[in-house]
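Notes follow once the structure below has been shown.
Order of writing sets the labels: A, B, C and D. Residues in every chain begin at 1.
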């Protein structure tokens, strides 16, 4: 395991530099000190709304200590040479600048509650968390490496779907990641997906719903088609609460809705069950 | 409707009178001990009379007793429980509760049918009658346990599968049939406990197991007595008669080799000392798992096959087990 | 293969002895010569209603030539020593007399369209096709023997469910037959169930819906709960057509509804696909 | 809406005039051959002009042409077809047609998305937009093919998965995600043919395959041009522009290594000679299966993995395939 990277050290010791910034809760309108928000795991201190979290912020709240990123050097491409109002590379550069991320997912290995895990975390702040070749490649690398190490995976999703600017290359990442997930699971490894706001389209229709256990954060919007597409199709407004995590729980799509405050504990318990099961399987097969 | 509840009310009244006398005796410093002794003796007499050797029909009512521990009472008594919801398709059926759990430190998948303990919960849980979505949740969790190497522990407590229109429209038969397959194939030990009423295919869907436990006064039956009477005689009111015919008691079924173990209940039934019964059931599940975990997967599956293969089997030389020709 | 049994010869050469008998169509009321009805595969010549068929009649319309019955000697028991208005053995004796059957299912082996198959046929005329230990045992023997021979199975269901008079022994036949079906299918063998009127309860909730392909006859009533039980529960009349084969096709429960006239051809085609698939699998696995 | 239909109407008028002249020429024994030749030359000129080098947007309309052969046209041209219905749970989705079939004597499982050929059928088939029940039928049939050793042949023709309320309520995402798994794992050769529009994950759910065929003027895209324009620019009317960006033509995708083979269409599109196109597609599927059947299951699955693994893959030494850094 590589030593704790600098960013993690910095994030853990978050100081006053950004404390002066305010964030407005999109649900209740409360103005919250950015520092207070971070201290509260980016959950509104007034109404409990779960803000979208940055990938590294998320990782810092989930891993015990070090985190060794993989695939960080997978380069951003422009397979279609896409340009509309702006060129695709220019859009990417803008998002890199704005988000501090190299792409819409961060993958790597670390420990969670003492269990070695592969961890993938998507970030909506980079191109709306859309999946293109880099996301697909990193996620595939994660599952391939986790399979080699025989460790479980946790994958946090946040995605507007497939990335338009990479066209069919983007769509094919559903097939590629499915292949990697399937091999990973067929070897008896455990997968938990944690669906955060929003999880839609191609990501929703692949690894998000291929996991053993599907967890969601309160209030997260989750679905295949986006709200706007559905409203255009049916030519009427959707009911309040449609496609929220709570709605999906009632409709039987997901296993549990867990508050961010309890999330790490819940994940550790799930990892514990699976770890004990794996031990059992290793022992079974021979009569005593 | 429930002949037990009346007698029970009378017993409770006796209990209250005894307590009152004790209090009076202490407060007013008068000696009421002989009156108390008389009442207590009368109380125990009635207790034995009422509960000493319950008929099958009485057992049906004991199994349905509103204060009898339900699946959730057992599940909540485990070291830890994380509920998993839904069939992944259209609904989470509240008549089934399931998830991952620790039972005396052992990681398991636990699944139970949950009736209500009051009218409101009964409505919410559909009286423990599981719909196809519920059975698909059961199947999903059983497959998960098998995949991850987690033994499967079930609690059976249902009058039967939900017989409503929506359940038929959503392929109740297929849902149960595929549950049966999942339990037959699960590559982990399975322990099923019939803790209340075990009604028909709707119960069996959770009860194909390597070890089947029944509480002393639980019932397990091809159909509810009311259903059986309706089917045979088109008269559900003949349920008491049907109960006598059906051989639905734990003692009958142990004799038939259909269940493997009976756990005793206090005089008057599990509802008279729920915590103790719950603890002993969990202890016995743990003991069964201890034994079953020592068996290889291959042997376990072979034994499970043979166990069910033998029930009502025809042997050309001798009479089939339990079947007199 | 045993030579063609006498009953089959007789049935095939059905003569005038019962031609004088009339049957009334329960759907349209038409009176039909029993001989004409048999010649029309027990389908009403006026309205197309599919009459319930006897097991041996059914077999004679499905197998090419000989049929070797198995399990015919499995004896009828009385495990609960049941007696209500009548003793259970007396009920059985009555049904044996009336139906000419030894129990509610006939199992055996023969050829269908040139394919060796295991064939199980339930008969509603014996105790309403209910499944007790004998039905369970015969069906189990069928699947075990078909697995040994590595041939597909066709199973015709017609059942009111589990047999009350055998109590839990009857219910346990769901578990027993499921175990046999599962082993049979896990070895890659092909199973087709043909649901005839009526198929309900324990039979519906086991091998009927464990098959690869589920076929139904037109108008057959198929469901888990019986019509009466549902009506008592919901306290209202069920809509017309509820639980019919056509209803189930629309609800996606079954693969096809096939007229009895076309049934053997349809089954032969299915057997042909599966047989070609089995040949392929035998060849695959080695690179050319 | 469809710019092709106008031009096509004009061409049809020309065709009719040529036919009329021929008839007149024969009936009235006057020589109209020079007039006919002029018209014919004009006709072919327009044909080439209109259809010679269609733009991506024109191809989108060719792919959607009402007379273009649909999945059922291919399926009905097989030697034999036995349709299997339903998801076994709640519904049979008419937007998907599937079953067992013989293709040149070879037993297969065939599955196709079926849009309508007229308004009535479009409504019945939901314009070929598949609901979760449909994808669960697809998955069931793919598993059946895998289990029985029957190669899987699919026909892709959909704008995308159904985006309605009920589809979301019934877990469209999960249904597609599990289709992807089933095709990834199927232990038999898979050949997918994009014969019309291949829209998004709703198309891919039937198109993870060992060999992917596209008709010359079919399209296959991460989103419909209208959807893409709505997503990127909140303006569905910019669909033509999106179509140009998306690289959704068969020729683009062959170049990217995302499809394996293009089957040519007559000038003007498959709708101008459906029987011929259908026959050639079936012939090419047969040829692919011939080749794929010689490969062991193990090798087949390894090759399928590698095929998708390579798309947009990052290689530290060289640039990723198709991805310029």
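We adopt the following convention: a residue touches a chain if its C-beta (ideal position, glycine included) is under 8 Å from a C-beta of that chain, and two chains touch if they have at least 3 such contacts.
Every value quoted in this text rests on a predicted model; they were computed, and no experiment measured them.
When you average the Cα atoms of each chain and compare centres, the chain farthest from chain C turns out to be A. The interface with the greater number of C-beta contacts, when B-C is set against A-B, is B-C. Taking each chain's centre as the average of its CA atoms, chain A and chain C sit 52 Å apart. Mean C-alpha positions place chain B and chain C at a centre distance of 33 Å.
Look at where the CA atoms of chain A average out and do the same for chain B: the two points lie 42 Å apart. Computed from the mean C-alpha positions, the centre of chain B lies at a distance of 54 Å from the centre of chain D. Within chain D, the positions touching two or more other chains are listed as 88-90, 169-171, 174. Multi-chain contact residues, meaning those touching two or more other chains, occur in chain A at positions 209, 251-253. Shown here, the protein chains touch in an arrangement that is not a line, ring, star or fully connected set.
Only residues 188, 190, 209, 212-214, 249-256, 266, 269-270, 272-281, 283-288 of chain C touch chain D when the two sit together in their complex.
Those residues of chain C whose C-beta lies close enough to touch chain B in the complex are 71, 73-82, 84-85, 132-134, 136-137, 140-141, 160-176, 178-183, 186, 201-202, 204-210, 222-226, 228-230, 232-234, 238, 242-243, 248, 251-253. For chain D in complex with chain C, the touching residues are 80, 82-93, 100, 102, 106-107, 133, 137, 144-145, 147-151, 188, 293-299. Residues of chain D that touch chain A in their complex: 161, 163-165, 167-174, 176-178, 180-181, 184-185, 200-201, 204-205, 208, 220-223, 227-228, 230-233, 236, 241-242, 245-248, 252-253, 256, 258, 304-305, 308-309, 311-314, 316, 319-320, 322-325.
On the side of chain B, the complex with chain D involves touching residues 88-90, 132, 136, 169-171, 174-175.
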